[in-house]
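Heads up, there are several structures right after this.
Here come two complexes built around chain A, the first alongside chain B, the second alongside chain C.
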Partner chain A sequence: MEVKIENLENKTMVVLSGRLDTTNADKFQQDIAPLMQGDAPDIEIDCTDMEYTSSQGLRMFLMLQKSVTARKGSLVMRNMKPNVKEVFDITGFSNIIRII
Partner chain B sequence: MWFSKSFSTRLSLNVLLIVTIFFIVVLGIVAVSSHMLISEEATRSASNILKASILDIEKTLQTVESTVKDASWLVKENSKDEKYLYHITNKVVDENTNIIGSAIAFDSCYFDGRHFFSPYSYEDPETGELKSKELGSVENDYFTQEWYVEPKKSGKPHWSEPYFDAGGGEQMMTTYSYPIKDSTGNIYAIITADISLEWLSKKVDDIHPYEHSHSTLISAKGKYLSAGWQANMTDETAYSYAEKMDDPRILEISKNMLAGDSGTMRYMVDNKLSFAVYGPLSNGWSMAINCEYRDVLERSSKMHVVLILVGLVGLLVMFIMCYFKIRQLTQPIKEFSKSAHSIAQGNFNAQFPKVKSKDEILTLRDSLEEMQKYIVTYLEQVETATSAKKRMETQLYIGQKIQEGMLPKNFPNDSRCSLNARVVPAKEVGGDLYDFTINGNRLYFSVGDVSGKGVPAAFVMAITRVMCHLFADLGLPVKDVATRINNSIAKNNDANMFVTLFFGCIDLDTMKMEFCNAGHNPIIVIPPDGNPYYLKANPNMAIGVCGGFDYKGENLDLRTGTKLLLYTDGVTEAEKADKEQFGEERLLQLASRTDFRDLSSEEMVSTVHKAVTDFAGGNEQNDDITIFAITI
Partner chain C sequence: MEYELDLHCQMILDEYRENLAIFEKMKEIVRAQLEKCVADNNIYVTAIESRIKTENSLAGKLELKGHKYKTLSDITDILGTRVITFYSEEVDKISALIDKVFEVDWENSVDKRKALDLDQFGYMSLHYICRIPKSLCYDAEHPEINDFRFEIQMRTALQHVWATMYHDTGYKSGIEMPKEHLRNMNRLAGMLELADEQFSRIRKEITDYRRNVQSLVTDGNFDEVPLDSDTFRSYLTMKPFKKLIDKIATINQAEIYEDNLMRYLATLIKMNFRTLGDLHRLIKECSEDAYKLALHQLSSTDLDILALSVALQNLCLVYIIKKGGGEVGLRMFYDAVFGQSAYNEERAHRTFEQISKINIK
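Take a look at the complex of A and B:
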């Protein structure tokens, strides 16, 4: 799993690529730690190259979503591959995270 | 033992060794060059002495020659006056102290018709008194003697070979003969002067520059004129002596001397290295001075002894100074070694000695200190990491035990339904659950997956299961059960854990199924006479994500013989080495096999597990696998 974070003027762009599974979920948590700070963040996650996510990975997105909501910011995930989107749909995460 | 171990001793000895080698080399060079210089100097000095001695002897001989020459004029003037002729010979001996005898030998029948006539004056060898006599007689026929024959024949003055004068001086002598000629050039008399060889020998013997050196004077034919250094040499010639010595260099010296050459030659005599300088006298004689090198080099040898002694004392002093200085300089190293030893024993707070000098020792000290700090830090890290890992492992172990203890082991022996399930936990994950309970005619069943691991996940799972049972016993609809569990877990969920759960209830009388899917994978329904399919369901939301969520329940009519296959994502997401997943499609294909619907619940579970394991082909399982089969 590769995480690229780019701070633009009015939002933070995050590009994810690879697989997010139980073996690298802890590492991913460390990688996205910077996103858990700051007021009213506007975070956009590009999932074009994200191959897969396990339920551990979902938990990370849940944490991020809750953190962003608490700080009155916004989180949007875009360009999910169908198999990834399916996981979000099955678990109902599509209902709490904005996916476009 | 301290001697062989001490670093400073070894270093000092090494320095000593190097300096000693250097000292020996320098001493060798000094010895060789000083020997060469002294030898050259000795040769030059001996040559000078030889030249001076030759000049001195020549001067003495010249006084003899001029005395005789002067007297020859008087003989010419008074050749018929017998009394005066005696007066002349007396005067010659008396005037020149070097002359021990003088004769005027007249030709046969020249004086008064006599065959022999030769007035002769000489110093009596015993009393030293001046005596005169007539020399010629039948017994003493001077016409045959060398001193008369040679000048008579050549008409030139002549120095005779050494001989024993039996008729006159009664001793070893050499005679200078001068021919006296009349106006026509006819030689009518020979005037002579004798020189004692004893006197000449003594003069030559006095020339010895060194203790063991000696000088030799030889005549034109090689006879010894001086022989004080060796007795009975009177009959010996230099040539015969050299032949006897059987040394080519001594022979060469003799040849060169007889040829009237001058030079220098090194040779061995009696195993002693010697050298000779030699040179000719103007009258055809030759003189040599022989010196032994041991005398010449005595002084330099003494100097070498002094040099060696001074060197040895110097080396000893140097060794002692070196030893103490090095010991002082290496003292910190000794202390370092103590500190390092102390560290090696486990005392990581050992202090290193203070170093004042800004050199390699300071660098060493700094490096050691750095190393010490690094070791301490590293050990702390290792300790922390080890304990953290241990804690994690313990947690996982406890979690797994809780999970295992929670899962139902015994499946109901009920004629209305048969159930079977298994959980195959992955190494680091524990969170899958399955559960069932039969309450009258109602069969409650569930399968779920808790995100998270270890003890917290196990607790969430435990709570979920307890609440499932509780609400099932109360006879609540499944959607309400889901809603209540969700609210309860979401309330205090700082760790953001959630559970995907498929929760169902079958009325075993009516075969109506009520179910609620809380974010779980769709289950497969295998009707007794139709194709298996994934049960489409409202996904709702995983439990624990969001409190207050209103879960929706759904209904499905089943028939006797229907089979349900429940599973967790560990099945569909099982991977091969190339990351290909088992997938829902493959699972459905497996369930669609004609023989599959004839299997018992237990066989279904085994078959699915085998298919998944075969598919993964030894690739490490990274999620729990749960398979739950229900047949009604």
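Take a look at the complex of A and C:
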């Protein structure tokens, strides 16, 4: 799993690629740690090249969503592959995180 | 700045200058106490304002009626505080709390609401003249803190609007104002008094409604309870989807994240659920199939975290198919829940395929 974070003028852009599962969840948590700081963050995650997410990945996204909500910010995930979207749908996570 | 004051008034003004720091300290104490009072008693106010009379304003007052005062402590509005409430009942509540916290000088306090005759409309506000009791704050070096009086005005937001607009006319009393304008101002006061009464009545009716709904929900009289935000919220406190989500969670021994189901309310209303009874029947009649759908979706995965909303989502999905809504109905559901998007067509198609594979009763 590769994580690229770019701070733009009015939002933080995150680009994910590869598989997110138990083997790399800890590293992913470290990678997204900077996103857990700052006021009213506006975060957009581009999932074009994300192949898969496991439950561990969902837990990380939930943690990020909670953190962003607590800081009155927003989180959007975009361009998910159908199989990744299905994971979000069947676990109910599409109800928690905004997917466009 | 020098003013055209006689010696007596000049002495009062000097006394004011010497005691400004005391009034500043009093202002902080009074404000903190008022804020604590409203917070401790869960009263929401629109504002708590306080000000110390400016030197210019005091000089003006002394020029006009300085002979009325022997010393500075005879002037009771050097420190003025105002509590502006939403509802008229809260003026009474706050006044009772102020009576407990401060020493009220009843002789000089006035209820302007009662000062008006039955056929009069105009300035409505409750003015208390108070002192800070020693039990609240005592400073041996500055005993004046407990000697100087201050004023607290209490009124509703609408009474405040009227008083502010009246003040803006530049007339200090109704006597000075041309009769025609005075009549118009007083007509507005009457209208705002009625509006205050109506707002209080509406609030009471809403409170009664919520109490009634709560008791109907608790008693299980769901068919008598219309589906709205209050009733749905009450219903959710009974955890109606727990049994289903717990069963779904056993598929992969999943952890359940309790997300907020209120976002489903608008969709449920769109789906023609009118009462909590309708929802209750949805759970009773569709839970088995909603579980089967989850089993079909999750059993081949190792996903072990679920949102509570999966239970309600699956209930709605199988309900739509049972009612003959087909793929179009599923698409409309997804549009309502997630907002319109091209992906919803794919979602609906996939869900339709999945539901087709399970034997829905």
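Throughout what follows, the second predicted complex is superposed on the first by the 100 of 100 C-alpha atoms of A that agree within 3 Å, B and C clash if a C-alpha of one lies under 4 Å from a C-alpha of the other, contacts with A are read in each partner's own complex, and residues count from 1 in each chain.
Everything below uses one rule, namely that a contact is a pair of C-beta atoms (placed from the backbone, for glycine too) under 8 Å apart; a residue touches a chain by one contact, two chains touch by 3 or more.
Computed from a prediction, not measured in an experiment: that's the story for all the values here.
*Asks:* Contacts for A:Met63 in the overlay, against chain B (first) and chain C (second): which applies, first, second, both or neither?
*Replies:* After superposing on A, A:Met63 lies in contact with chain B but is clear of chain C.
*Asks:* Go through the superposed model and pick first if A:Asn24 touches only chain B, second if only chain C, both, or neither.
*Replies:* Neither partner.
*Asks:* Who does A:Asn95 touch here: chain B (first), chain C (second), both, or neither?
*Replies:* Both partners.
*Asks:* Considering only touches as defined above, state whether A:Lys85 meets chain B (first), chain C (second), both or neither.
*Replies:* second
*Asks:* With the two structures laid over each other on chain A, which partner does A:Ser54 touch: chain B (first), chain C (second), both, or neither?
*Replies:* Both partners, chain B and chain C.
*Asks:* Need the overlap of the two footprints on chain A, from chain B and from chain C, as residue ranges.
*Replies:* 54-55, 58-59, 62, 89-96.
*Asks:* Any idea which chain A residues touch chain B in the complex?
*Replies:* So the residues of chain A in touch with chain B come to 19, 21-23, 51-52, 54-56, 58-59, 62-63, 66, 89-96.
*Asks:* Flag every residue of chain C that touches chain A in the complex, lowest number first.
*Replies:* Residues 254, 257, 259, 263, 294, 297-298, 301-310, 313, 337-338, 341, 343, 346-347, 350 of chain C touch chain A in their complex.
*Asks:* Please name which positions on chain B make contact with chain A in the complex.
*Replies:* 426, 428-429, 431, 449, 451-452, 496-498, 500, 518-522, 539-542, 545-546, 569, 573, 579, 622-623
*Asks:* Can you check the complex and tell me which residues of chain A touch chain C?
*Replies:* Touching chain C: residues 54-55, 58-59, 62, 82, 85-87, 89-96, 99-100 of chain A.
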